[in-house]
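Take a look at the structures listed below.
Below are two complexes that have subunit A in common, paired first with subunit B and then with subunit C.
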Partner chain A sequence: MKLVLAAFCTLVAVPAGAAETGADVLAKVDQAMNSFTDGTFESKLLIREPNGQAREIGFTTYQKVPDKRLVRFSSPGDLKGMGVLVENKDTMYVYLPGFQKVRRVGTHVKNQTFMGSDFSYEDMSQTRYSPTYDAKLVKADDKSWELELTVKGGQETEYPKVRMWVDKTATQPTKVQFADAAGKVLKTEEYEGYHIDDANHYGPAKVRVTDHRRNDHKSEIVFIGVKLNSGLTDDLFTQRSLVRGH
Partner chain B sequence: MLSSPAVNTLIAWSTRWPRTVVAAVVILAVLAFVGTSRLQNEEDLMVFLPQRDPDVQLFKDVSQRFGALRVALIGVEAPAGDDVFSTASVEKITRATQAIKNVRGVDLILSITAVSDIVPGPMGAQVVDLVPSPPADAAAARALRDKVLSREFAAGNLVSRDGRAALIMAFLADPSTLAATSAATGNSRGKGGELGVEEQIRTAALKELGGMTVYFGGAPYAARSIYQEAQADVWHLSPVALFMLFLVVILAFRDPVGVGLTLGSVALSVVVVLGAMGWLGDKFTVASSTLPVILFASGSSYAVHVLGRYYLLRADRSPAEAIAEALRIVGPPLAIAAGTTSVGFFAFVTSEVRPWLHFGIACGSGVLVCWLTSLTLVPAVIALFPRKAHEEVKLVWLGNALVATWHWAMRHRRAVLVAALMLGALTVGPMLKVKVRMEPRAFYRVGSDPWLADKFLDEHFGGGTFAQIWLTGDFDDPATLRELARLSDFARGLPGVKQVASVLLPLTLATDGMDGLPVLPWKRSQAANLYLFIEGQAGVRQLITPERHDVLLNIRMHGDPWPAIAELERFARAELRRQPRPPTVEDVADRLSWQARAYGKLRAPKELLRTVKPLAAPGLLDPEWTKKRSAIIDEFFASEEAPPLDAAARKQIAGLAAAAPEGSPELAAALAKAAPSPEEGNLGYQFLTTRLGEEHRRLAVERAVPLLIDAAGLPTDGPDAAFVRAHVFTLADDLFVRLPADEHALQPLTARVAGEPILDRGFSRAVEHDQIRALLLTIACVLLMMLALFRSLRLALLSMAPSLLTLAIIFGGMGMLRIPIDLGTSLVAGICTGAGADFAMHYLWYLRRQSADEVSRTVGPVMVVSIVLVSLGFWVLALGKSPVMHLFGGLAGLSMSLSAALTCLLVPAVLNKVRT
Partner chain C sequence: MRPTKRGLLVAVAAAVLLPSAAVRADVELKFGGQIASDIRYRLGGEETPPAGPNSVVPFPSQQRLLKYGFSRNENLIKAQLTLSIADRVKAVADIDFYWYGYSDVNDIQAETLHERVDPYRLEANAAYVDIYKLLPKLDLRIGRQVVVWGTADKFNPTNNLNTLDLSDPLLFGKALANNMVRADWNPFGDVILTAVWVPIFRPAQLPRTAPIAVTEANRPAPVQEQYIRSTLGAFAQAMPPTQINVLTMQPDPSISNSQVGVRLAGRLLGMDASVSYYHGRWGIPTPAWAVQKPNGIVDAIVMWPKMDVLGADIAGSIEKLKGLGYWVEAAVFFPQKITYGVYNDIYGGHDPITFEPKGTKDASGNEEFQTHIMGPEFQRGTVIPSTPFLKLAAGADFTWNKYLYSNLQYVYGFIDEFGAGRQCFARPNSMPGDDPRCEARIGHYLVLGSDLKLFSDQLLIRFFGAFKVPQIGDQDPRFTAVLFPQLAWAVWDATEISLGAFVFLGPRDSKFGDPAAGASEIFMKARFTY
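Moving on to the complex of A and B:
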């Protein structure tokens, strides 16, 4: 998921002062988000309900570039052992320990919210923006770029328009607004607390998503621990591994 | 108070410093105008709910918990000769669904193009879109139609069973927590002239659904439609009321200043009251929208009385003397009239319905302002612009007619009194039958948006009335889930119930998806996993809360909901098991009999037990099971669930598994030994025994289903056959499933019936209480005022007799014609008792100082003018579009006229000894 990937960005070496286009900047962002071979991220997902209650879900994400991902849930108790395997953008599997079976999740559910949060399955599977969007640089200053993304012909996404604010130091988005074709903002992601977390990579401490369609319903992912380039093997990203929990 | 020094000083002051009074009135009017600009509209009909009523509180709790309160229903009807599965229709519905989903304030959307389905796939079942894309051609459209109509969650719920209509359900976010405008996003909503969520949805739907007939229903549209119609009524009817008032006054007075004063005094009171509401932060509700017309009706008579008397006295007095004498004569009865009329409105301070309370205060205050204006502004203007006497005001012919009526009533006093008594007695029975009914449908105008939407829902979806059962319990517990299924089946078999929806259906579908068995989870861990899996799916959030302690059973009903509601409340109270237990054969027989009842078949549970009890799972030697067992074991060895095993180990394990498919220590030991590690062996053992156990159950259930369907007489073909089979499959599983003995519900199960009918009941109860309280308070206050005026209990009672008899006739008539008391008609009793008593009071007051003939000739015509004004004012409301206004206006006008007519007959009949 792009917000997770954002935690593992690296500084991308681009000559300062070069004439940049939107496509250049977006490429830098994608590169920064994926400039590691593998990573392990411990996180917690906070889902804030309208009545003020918050639910907390603990999980660990294993990532292997370009797009393999395994998410294992550790808390609460009824989620423990559950896992989601993303083989690629179009292929996802879920393991429910209560049934001791793996089931494939159709790409059709990509737009559905994930476990009642404001993240969708599409968020889980998307790792790069460039393949899906054309970018236009609308503003740039000393500290940031502002991009306007428009979905490419032939690409399907829930959000045909995106506006992104990119921090020049981290080459990472600080804020992303997802909009419909008419430009109405449907969802906003905000990245906070960029810091060098491991191996000179920048990562956010927290990602907050607000779904404006759901009455500004909010969810947050707080990153607890990050370990990069530790040599995760392909064996980890299999159904067998999903079932066995290791 | 009647001739209090304060009132006298006020009158004297007004004639002595008329310019100051007029200037003060102008300043007051300007301030009030500013106040009216601060007045905000209140379109939410929910504010009319009595906040303390337990049924209303329950409804609000349910809404808060499940977000099910505000659902905008967009009904779509395909063009003639087409259905909603054609390429064009699906494309339009898809676009409309997406556009509505993107409206800020729409929390969730459900339609055939925004709902998930579970279908078999390479890895078992897959969660997919029910309608992944528009059909390419006619054949694909037919296939899509067959598929969608075979899904129970869609057929009759999101699409009509004939395929001609579809429903898009937009669940709106709680408006109280929605920020007015998000500066961060630049999105807009609601305020500052921008469209509200409902209107944005309407615009989006109409834009995308061109060529299809579109209906807009549900609470948001109902509220908006009712409010807009009432407001339109006020805009249209206020000028009519004003014109009628103008016509009557000009005919009576033939004096432009007199007309201006009468109209001006009422207009001033309207502006002052609305301005005060604005300054106090009150909101303009559908109730207060009637205020101008009501004040025109009930507040204009004060100036009329003062001016009428002035014109009479002016013939032989100077203007100052005439106005002073006029106020001296009419002052006391006008004070009482203002008191009795306003108390009829003020009595609503006891109301549990907050806008009604505010409305009562506003109307009562408006009447008092009208009265005060007649004591201040009228004499001040007369002092500034003295008017001449007008002979026409005497209306001689009318006076003569009143004298003749008086004498006739006196001559036939016995007949009049007996007739009145008989009439009163006859109304008692029907009056007791009058029911209070606060159904939203009572507010709908025939042909209005919500009316059309209701009709659409009735025609295509089997009704638009929803009841809900709110259950609290441990819904991870399999036994609790089965108790929920028991209640669900019970509800399904009740009269008028067309559909029952709960989390059981998505759970069953999800279990089918995970396990290939369309049954309820039988372990806590399964339930917990499935909830998380289905939590993000559209519609599920409205059925279960995230912590899974609260569940909602949605029941769609047609026709009179009350027989089913009564049964549901009885079941919830007496039959629901607080501590759910694993299902028994008796439970299965009960549920089967309820399912049979839903299809019009009466099957006693005892009769069904004869079929249910002997059902058993296939034995080890059963040929089909033997074959299947072998295939399952082979599949296991070929899957990733099996550890790497050599041929010998496979053979040994296959033998052990075939001999003990439910598992055995020998099989576990063999797998642990043969696998690369004991952990892998143990995992393999669990996978294998799970597969075998489930397939064994499936075989048993598949064999039981046709037998159960046959025993219950359930349909085996037709549109419902697949749904019936799925229900019976889930039910039959309860005969063979073994719930873990160590798992129990962690909290007791409780159920409360909620929903629209229950809300209406709470609302009706509150209005009934309001009605009784307001009526008793009004009667007591009016009696006290009459006692203060006449110092005679006999006269006080006599002055109230015509209005009370009128009340009995009106309510008796309503009982006979089966007209229920609604929000509007609930006002009639108070108005009739308060304002209706004025006529008799005026008569009696003047009879103490003049002969009956003199009173009939001089006061009578003025009273008639006043009665005509009041009645016409109310009848104008009957011209409105809003059904509530129709009835209220008609009945209030009738009550005023009837009170006056009965006064003309009853007073002379009773007062036979008074000099003529």
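Moving on to the complex of A and C:
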């Protein structure tokens, strides 16, 4: 992941026959996920309830690699106008139009679910695995790699163990299982419909998350529009911009 | 070929319409709003206004507050419109249209008028134009707006440009929009210098129970000096008022009554930090005169004190404590001194009642005075001393897991508290002139609560409370608090139903038990936001 925004990549040439280590593959995944300078992602979040109903949230994410992110919500009405600015991993702001106030929020909100979905704020803000995990290549075939990730010493994460299946064409994960220290799978992410979405970049059409701790509760993000490397400036990722709303 | 008349008309029409069509093509329009309903029931409050021959509002009226009865029966249609041209100009309108849900029919003529049979009101939360990059790095906003300063949660001592809507405790002191000119200059990085000018002062919106604070005959005189308070109390005991009229002295719309504010905000050691200055008025009126008239009628006059405020705040996140959010916000207030002018008009004149210091103190250490009725004038009682005073809010919040969020805040100086010195309450069942209970005007409070979110955030269980903490020097400290339990159910996208209560706890002579503060209510709300 962790995911979403990061699930856009270049057509990175992978030497299929090379003797690769898990670390090599993970580095390629990170590279592919962050191989653009900026991006605008218009998305739809679907939160599927056990009774079959689905709530829909519309939002646009502006991202400037590596850290800056601005999320603006467009629907439903009670979220419209709300914005979240992530300047870096320690600095986040929320703009609530009802209060007309930008509020600095502690990074504890990373533990919160993103609008009641199965995504967390941490999911929405982290795009590289290598700084957090050591990787072991457990399987490889013509089309995919299978990696086993273990949290590095000194790093803190909700998921100390991760298993990842990587598509060799996109150099992107197709499935990621997040587990606790005992290996119990807590959450699964699945990426579907990789396609060339912009100037030799791959991106998924959809990301689905299943939270096994919530009776296999499911959420998915459907990407409606993607624009990469359009030259977003730093001015966009400021508190003033958050208030302006455009 | 000679053009025909019709051809000319078409050409002219095209010339007029085409350029405007081209301009309008750049305008982006966003529309939104809310439809909401709010029904509340009052539990054990005091009747406002009291039924009786001297009641200002004719009896019976649906607009009365009963001890047990519906206190709100409101419907709202909110409309928000935003027009923008690229990233240069934005115009915003935000209008609330409320139907009270009470009739106000006190005679047969009123029953023929729509606005009395079904009263309504309009509230403009915003009507402004933003001009971005007017000069390099300079944005301008002109119009009706709210400028929110401060990093604390709800209790913002540095936030004084807009006065507060205190009419509804569930709004927690929502800022009232006012006509302003605001300029933001962003010279570099995160540094922003904001300057605001407010030409005309808008007073706070008071709760319907507020007049009780000045119309009850047994309330002690709002002065600091114990001797003067006792003397005025003795006068009230000797000549109990039969009717108290409360008049106001609004600030003139002059340039000298304009409000101004300046704030410098930026980043310091990883924290968000700002310093600010405000010159203007306190939004809640304070008593300043009392005129005794024949037949026991008293005219009380209130005014809005001027003040200067120096403020500072910080906010951040402590990573070693798992990202705990924190904030500290403080302001030093320099108030205008307000004295209590007391006049006796009973005998045909306008005789001042003033007090000459004796230079001695009583056994309790209170300064003693000689009372003078008629001239020459000596000292008046002090309502608001010019002594600077501090208000502060410091707190932290934390998300324990996907379901539970907690917030804890220490507040020194509640949103309606102003002035150094002490305030006094009439003890329950006391008579005019009886010994009141006094405590520091600026109080200590603990505000804490939690949100529990269940079923993919569709069900919110909220419990918040504010508790007053006694301090040294308070007479007979009282337990007093407000509690706010709420259950909110997001039944579908943008649709919410909520049930809850706002509970005032404490005896009559305490902060939240004072009937002027309001009464406990249970509520049911529904809203759809589009």
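In this section, the second predicted complex is superposed on the first by the 239 of 246 C-alpha atoms of A that agree within 3 Å, B and C clash if a C-alpha of one lies under 4 Å from a C-alpha of the other, contacts with A are read in each partner's own complex, and residues count from 1 in each chain.
We adopt the following convention: contacts are C-beta pairs under 8 Å (C-beta built on N, C-alpha and C of every residue); 3 or more make two chains touch, one makes a residue touch a chain.
Nothing here was measured: the structure is a model prediction, and the numbers come from that model.
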Contacts of A:L186 with subunit B and subunit C, given as first, second, both or neither: first
Partner chain(s) touched by A:E56 [first = subunit B, second = subunit C, both, neither]: second
First, second, both or neither for A:H212, with subunit B first and subunit C second: first
First (subunit B), second (subunit C), both or neither touched by A:L96: first
Partner chain(s) touched by A:R104 [first = subunit B, second = subunit C, both, neither]: both
Shared subunit A surface residues [contacts with subunit B and with subunit C]: 47, 49, 55, 78-79, 99-101, 103-106, 108-109, 112-113, 115-117, 120, 214, 217, 239-240, 244
Subunit B residues touching subunit A - in the complex, by the definition given at the top: 64, 67, 98, 101-108, 116, 121-129, 132, 173-174, 177-179, 182, 184-187, 476, 513-515, 521, 523-530, 532-533, 535-538, 541, 546-547, 640-641, 680, 683, 686-687, 690
List of subunit C residues in touch with subunit A within their complex: 28, 32-34, 82, 84, 87, 90, 130, 132, 139, 146, 148, 151, 175, 184, 186, 190, 192, 270, 272, 315-319, 322-327, 396-402, 405, 453, 455-458, 492-494, 496, 528-530
List of subunit A residues in touch with subunit B within their complex: 47, 49-51, 53, 55, 78-79, 82, 93-94, 96-106, 108-109, 112-117, 120-121, 177, 180, 182, 184-186, 188, 212-217, 239-240, 243-244
Residues of subunit A touching subunit C in the complex: 47, 49, 55-56, 75-81, 90-92, 99-101, 103-113, 115-117, 120, 214, 217, 238-240, 244-246
